[in-house]
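Each of the next two complexes has chain A plus one other chain: chain B in the first, chain C in the second.
Right after this comes the complex of A and B.
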C-alpha cells in the first residue's frame, strides 16, 4: 500500500494517481523495461525508423488486434461461402436468403472474408507488430537484467513499489528467510539483491515466438507445395486412384458400413425419438492401400498392397505419407437403372442405362428408339433451371428424345417424375428397376505445416504459463549511513501478493528477533 | 441402471437448491459486513451443493457411457459446475461474500437455462466419439469459468466506483446489465412455472405446427391459428429456423425482466445499483482490480489450451481440418483475441481500474454470446453444443 501525500488515502502499489482525491502519487519509476533505452524511442529519422516505431508501439498493435477482432466477427454475421448448401450459386443464395443485406455482404466479399487479401493483410500487420514490438523490448530488457548491479542509487530504491526503512541487526538471518522463499541472493559489500523467477520476464517473448510460428505456418499454407488435400469417392468393392499422386496411390474400398444406435435401447430411446430418425453410431470403411509399380502412362499399373486397414470417423489412418480420413458417404447411389418406354398403344420396351457412363443411343424393341440428349447425375431444381449438384449418380435425371418412325417427343425423366417437354404426351418413360451401391468418401491429406502449427502452439502455451503463472520479484537491501537498512521491492505483476510476501518475510524476521 | 439417471437428476436439483441457499447466506453475510460463522456455513452449503453437482455429473457419465458434455444442457450444467468450483477455490484466497454471490447467481441462471433444453441422454454421433470430447470441453469450460471471475470482480468494481448521483451514463449501464440478468431470471421463472402447469400453445402455420412453451406474442408470418387472442407477425426479413419462436422467447424474457425490475424497484424505492452500493462500498476496490486481472492471467492460458489448441487437435482428427471458420470456432478466437487485448491494454497508462472493469464485462458478454447466441442464432457444426 502507498499513502497519498495529500488525503492520506491508501492506494494500490501500482496506482499512478490517488483513487480518492486524484492527485498524482509520488513518482514511481517506470520499471516495465527496466528503463532501458529502446530503438523505437531513440531513432526517428529514416523511414525504417518510423516504420519500426509504428510497429513497436503496443498501442498501435492493439489497434491492429481490435481491427482483426472486428473483422473476424463480421465474417460470422452470415454463413461463409464454404457453409452454404452444395449446389447453390453464391450470388443467388445470399440475395434470396438474406435480401439486400445478403447481396451487399456477397458483393463486398464478406462471404469469403477469411481468405480475402485485406484479412490476410491484417494478420500480416499483426505479425509485424508482434515481431517488432518483441525485438524492440527483449534485447534492452535482457541486457538490463543481466547486467544489473547489486548496489543501486537511493533514488532508484525509494521509487520502487515497496519501500521500507528498517533496523536490521542480523542481516544474515533475514537473507536466510529470503533464501527460504526461493530467492537467489547476490551480495556486494553490505548490500544485497535477492531475485526470483526472472525467467517469467521472458514469457511474453517466448509466447510471441509461438504466435509467429503459427502465423508462419498459416503463411506457408498459402503455397500448395506444403500440403495436399485430396478427396475420393469410392464405391463398395472398387478401387480408385488418389488424384494428383502421379497415378501412384490407389485405395480400394472393401466395404463401407454405417452402424446406428438401437432405437429400443431404453437409455437412448427418448433422445432418438426426439431426433426423429436413427442416430449413427459409426461410419467405417475397410480399405486396402496400394502403390503402383512399374507404372507406364496409359497402362494399367501393377498394384502392390501397402496396407490393409480400417478407417472411421475420429480414427484416421496413415499410409504412404498421407493421412486418410473417413469424411463422407453416400448410401444407395444408383449404379444402373432399368427404364421402360411406352407408347400410346401400350407397347413397352425395357432398356438398361448405366448411370456412370450412359450410352447415347438405345435401339429398343417394338420399333422404338431413345436418344439421350442430356444427363444430370444429381439433378436439382435451382429456381427454374435444372442443374446437377454433383457428378455422382445420386438422383439421376435424363432428357430423352424418343422416336417411333418419324414421330419424335422429348421427355425429361427423373426417378419419380416424367415431364414431356414437347407437350405431346404420346410417350412415357419411367424407371422400373434399379441397382444401387454404397459409396465412401475418403479425404486423403498430407500437410507439412501441421508440425509447425503444433510447435507454435506448444511454444505459445509454454510462454503463456511462464509469463503469467510466475512473477519476477526482486528485493534490494541497502545499508544506510545510519546503520539501518533501506528495503525496496519490485514485482512485475500482482502487487498485492508480493506485498503480502514482503510483510511476511519481515514479520517472521521480527518474531525471530524478539524470540 | 435406469435408477442412476433418476438419482443423477435429483442430485442436480439438490445442487440447485443448495446454490440458492448459498446465495441467500452469502448475501446475508455481505449485508452484515463481518467475517465469521455465517460465511463458513455459506461456503459449506455451496460446497455440499457442488458435491451433489459432481455426483450428478459422475452418475450421468456412468449411465450414458460418455462424458456428459455433449449437448447444450450438459455443457451448461458443466459450465455452472466449473463456476462454482472456481468460486470455492478462489474463496480460500479472497474472502469476499459478494464475489461468491455473483458467481452463484450467474451459475444458478446458467443451470436454470440449461434445464430448458432437451435433457435426455443422447447417444454420441461418430464425430463426437473421442477422448478429446471431455479433454477439450472440460478445459474450455474451466478456462471460461476462471475468466468469468474477472467479470464478477469488474462488475463489483464498477458498482463500487460509480457515483449514483452524478454519473448518469454509467448508472444506466449498470441498471441495463442488472435488467439483462433479471431477464434471464425472468425467463427461467416463467419457463419453470409454465412447465409445472403444463402450459403449451400450439400455433398452426400453413405447413407446420409450432409448440410454444411461453405465451406466443410473436408468431410466424404465415400463421393460420393461435390459441392466443393476439400475435404479432415477425418481420419478413427474419427467416432463420424458428425465427418467430426465438424472437418470442427473447421478447417474453425481456418483458419478464422488466416486470421483475419494476417489482424490485417498487420495494427498494431507488435504482437497484444504488440499493446494492452500500454492500459493495466496504470492499477494497484495488483488491477487486487485482482479482480481475489475476483471473484473466490464470484463465487465459487454460482457455487457450482448451478452446483453441485441444479443439484444433481434435478437429484435425474428426473433421480432417484443424480450423474451418465454423462460427463457434471463430467466436472462441474472438474471445481469445479479446482477452489478449485485455492483457496488453492493461499495460497502457490509465487502463487499470474502471476501464479494465468494463473490458471484463464485455469479455463475459462475448463468452455468453459464444455459449448461447452462436448455437441459437448462427447455425454451425457445433449445433449440438
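Right after this comes the complex of A and C.
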C-alpha cells in the first residue's frame, strides 16, 4: 500500500495516481514486505481467519505486551508471597505491614501474581502474537524475495529510494564494480539486479524465535520434571526424606558447622569488637545422599549411598539430578540438659536428660530418684496453662517427681527457672549445662529450563545483531528504450550510507570512462 | 475454497489449536500447583508401615485391605486435635464391629509426651509414631488432617481441620465395607 501525500488515501502499491483525489503519487514505495500482500490482510472468511488476523496485528501485539509489562510491574510493588518471612500467615502479614492496600493486594491475588492463571494467559497471548505476526510476515516476504524478477515495472523502480538515469556504455565494468562491493548479481537480458545481505531481513524473525524459546522455558518451569524446588530441615546426625521425590531420595546431615572469623586476626579484630559477637564466615554441612527403591513410608528405608559430599554457602553440589544448596540453619535446639539435684544433706548429683527422647526414670548417685512426669519441648505459658508450642526442643521444660524413700516432691524445671509444685522445697534441682545440636536447611533444586532460557537469549541476541548490523541492499539496472540505464537502489535501513555507496560506485565508473 | 485457501485454513487452525492447548495446559498446571503432592479423594492411599505405640506391633496399611481405615494426623500440641480425640475414641468402639480401623499418626514426637497424652485422654486405638515420612507421603502440611480410606485402599475423603460428630459418622459410614 502507499499513502497519498495529499488526501492520505491508501492506494494500491502500483497505481501511479491517487484513486481518491487524482494527484500523482510521488512517495516512495512501502517496501517493508516487498509489496507482498500480507495474507491476514486479505478478506476474512472464517472465525479462524479473524482470530489469526487479531494476533497478526502488531498493534494488538503491542497492547498485549503493554498489559504484560504493567502486570509484571504490579507484582513488584509488594513482596510476593514466596518472599514473606517464613511462618507468617499471608493474610495477616499483608494487612499488618501494608494496611488496606496490602489487604487488597492479597485479596486480588497479586501476592502470587506470577503464578496466576491470568498472568500465564497473558504470556500465552504474547507468545501467540509473536508467533502468528512472524508467520504472517516471514513467509510472504521470504517468497517475494526468493521469486523476485530481475526486470521490474518502471513505476516500481522510479519510486525507490535511489533513482538515477544514466548513460552507461560499458555495463560489464559497472557490474564488476558492484561485485567488488560483495553484491551478488543476476542478469536477465540487458537488465541487472545486484543484491547483498538479504539475511539481515530475517533478523527480527530469528529474534522472535529466541523470545518464543524464553516463553517456552517459562512454560516448562511448570512441570516438576523440568523444575523442582524443595526444602528440607535436617538435624545433626539425622536422615530426612526429600519431599515430592516419591520417597526415593534421602539426605543425611552428618555434621553442620559454622566457621567464624578469627577474632585474633588483626585484620578483623576491630570489626568483630565493634559488632560485639563472632561473625560467621561460612556454613557447611557434610551430607550423604541416598537413594531408596520401593520404599514404604515410615519403614526403615533400604538406603543406597549415592554420594558423600560437603555443601556450603555459595558452593552447591550436584547429586541425583538435583542441585543442593546450603540455605538455612538453626542453632537454638537443645539435644540434652545436665541437671544437678541436691538432697536434704546438700549432696549433689548430676544427670543427663536427652531432650529429643527422654527416658522416664533416673537413679542418682546421692540416693535420690527422679521420675519424669511430663515434658514440654518448647514450653510457653498460655494463660495459666503450660503448653508446648512445637515438637522441637527449643525451650525444654520438665516436670520431675524427686523422691527419697517415701518423700516425694514435684518440681517444674526449665532452663532458667525451677518451681516446686508441692511447695515443700526439700530438694534443689537446676540445670547446670546443656548441649545443643544444629539444624541445617538445604534447598534441593532441579532446573532444566536454564539451558532453554540461555539458548533463547543467545538466539535473541543473534537475531538482534543480524538485523541491526547488516542492511539488505539492492541495485537495479534497467535498460531504457533510448539506450540509457535507469538505476534504482533500495536499502532496508541506513539510507544515507547506501546513497554514498551508490554515488561512489557511479563515480568510480565515471572516472574509468574518462581515463 | 481453493486448495491454497484450504491449506492456509488448516495451518492457521493447527497453529491456533496448539497455542490454545499450551495455554490451557499451563493454567491447568498452575491451578494444580501445590495440590500435586497432596493425596486427594479418589486416589490410592499411599502405603505406610509404622509401629503402634499401644501394642509395639507393626501397622501396615496394605495389610488392612478389606477394612475401612481412618487415618488421622495429629500432635499433642495441636489444639483442635485434642478436641477430636475423644470423638475418635468413642467412634472407634462403635465402628470396631463394622470393620473400620482407626489409626492416629503422631507427627514425630517423643514417647514421653505421647504416653502422657494417652493417659490423659484414655485412648485405645492404634497410635503410630511417624518419622516425617508418612506425613510427606500424604502431603500433610497442617494439623489435624484426616483421611477416610475405603476397604479397597482408595481414599474416600480427606478432611483438613477438626471434625464434628455428625460429619465424622457420615464419613465413617461411607467407608464401612
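We adopt the following convention: the second predicted complex is superposed on the first by the 272 of 515 C-alpha atoms of A that agree within 3 Å, B and C clash if a C-alpha of one lies under 4 Å from a C-alpha of the other, contacts with A are read in each partner's own complex, and residues count from 1 in each chain.
Just so we're on the same page, a contact is a pair of C-beta atoms (placed from the backbone, for glycine too) under 8 Å apart; a residue touches a chain by one contact, two chains touch by 3 or more.
Bear in mind the structure is a predicted one, so any value in this text is a computation, not a measurement.
A.B. asks: If you count the residues of chain A that each partner touches, which comes out higher, chain B or chain C?
C.D. replies: The partner with more contacted residues on chain A is B.
A.B. asks: Touch check for A:121: first (chain B), second (chain C), both, or neither?
C.D. replies: Only chain C; A:121 stays clear of chain B.
A.B. asks: Output check: A:450 vs chain B and chain C. Expected answer is one of first, second, both, neither. What do you get?
C.D. replies: Once the two structures are laid over each other on A, A:450 reaches chain B alone.
A.B. asks: Using the superposition on chain A described above, determine whether A:348 touches chain B (first), chain C (second), both, or neither.
C.D. replies: neither
A.B. asks: Going by the contact rule set out at the top, does A:80 touch chain B (first), chain C (second), both, or neither?
C.D. replies: First partner only, chain B.
A.B. asks: With both complexes overlaid on chain A, does A:465 touch chain B (first), chain C (second), both or neither?
C.D. replies: first
A.B. asks: Once the two structures are superposed, pull the chain A residues common to the chain B and chain C interfaces.
C.D. replies: Residues common to the chain A contacts of chain C and of chain B do not exist here, since the sets are disjoint.
A.B. asks: Spell out the part of chain A that touches chain B in their complex, as residue ranges.
C.D. replies: Listed in rising order, the residues are 11-12, 14-16, 19, 32, 58-59, 61-62, 65-66, 68-69, 72-73, 75-76, 79-80, 82-83, 97-99, 101, 114, 261, 265-268, 270-272, 274-275, 279-283, 312-316, 323, 325, 327, 443, 445, 450, 453-454, 457, 460-461, 464-465, 468-469, 493-496.
A.B. asks: For a test of understanding, state which residues of chain A touch chain C in their complex under the given definition.
C.D. replies: Going by the criterion above, the answer is residues 39, 45-46, 48-49, 51-52, 115-117, 120-121, 123-125, 127-128, 131-132, 135, 219, 222-224, 240-241, 243-244, 247, 296-299, 301, 356-358, 360, 372-375, 377-378, 387-391.
A.B. asks: Help me check something: in the complex, which residues belonging to chain B touch chain A?
C.D. replies: 1-2, 5, 63-65, 118, 120-123, 125-127, 129-130, 237, 239, 285-287, 289-290, 293-294, 297-298, 300-301, 304-305, 308-309, 312-313, 316-320, 322, 324-327, 330-331, 333-334, 337-338, 340-341, 344-345, 347-350, 352-353, 374, 378-380
A.B. asks: Quick check: in the complex, which residue numbers of chain C touch chain A?
C.D. replies: 5, 8-9, 12-13, 15-16, 19, 22-23, 26-27, 29-31, 33, 36-37, 46-50, 60, 75-77, 107-113, 116, 128, 130-134, 136-137
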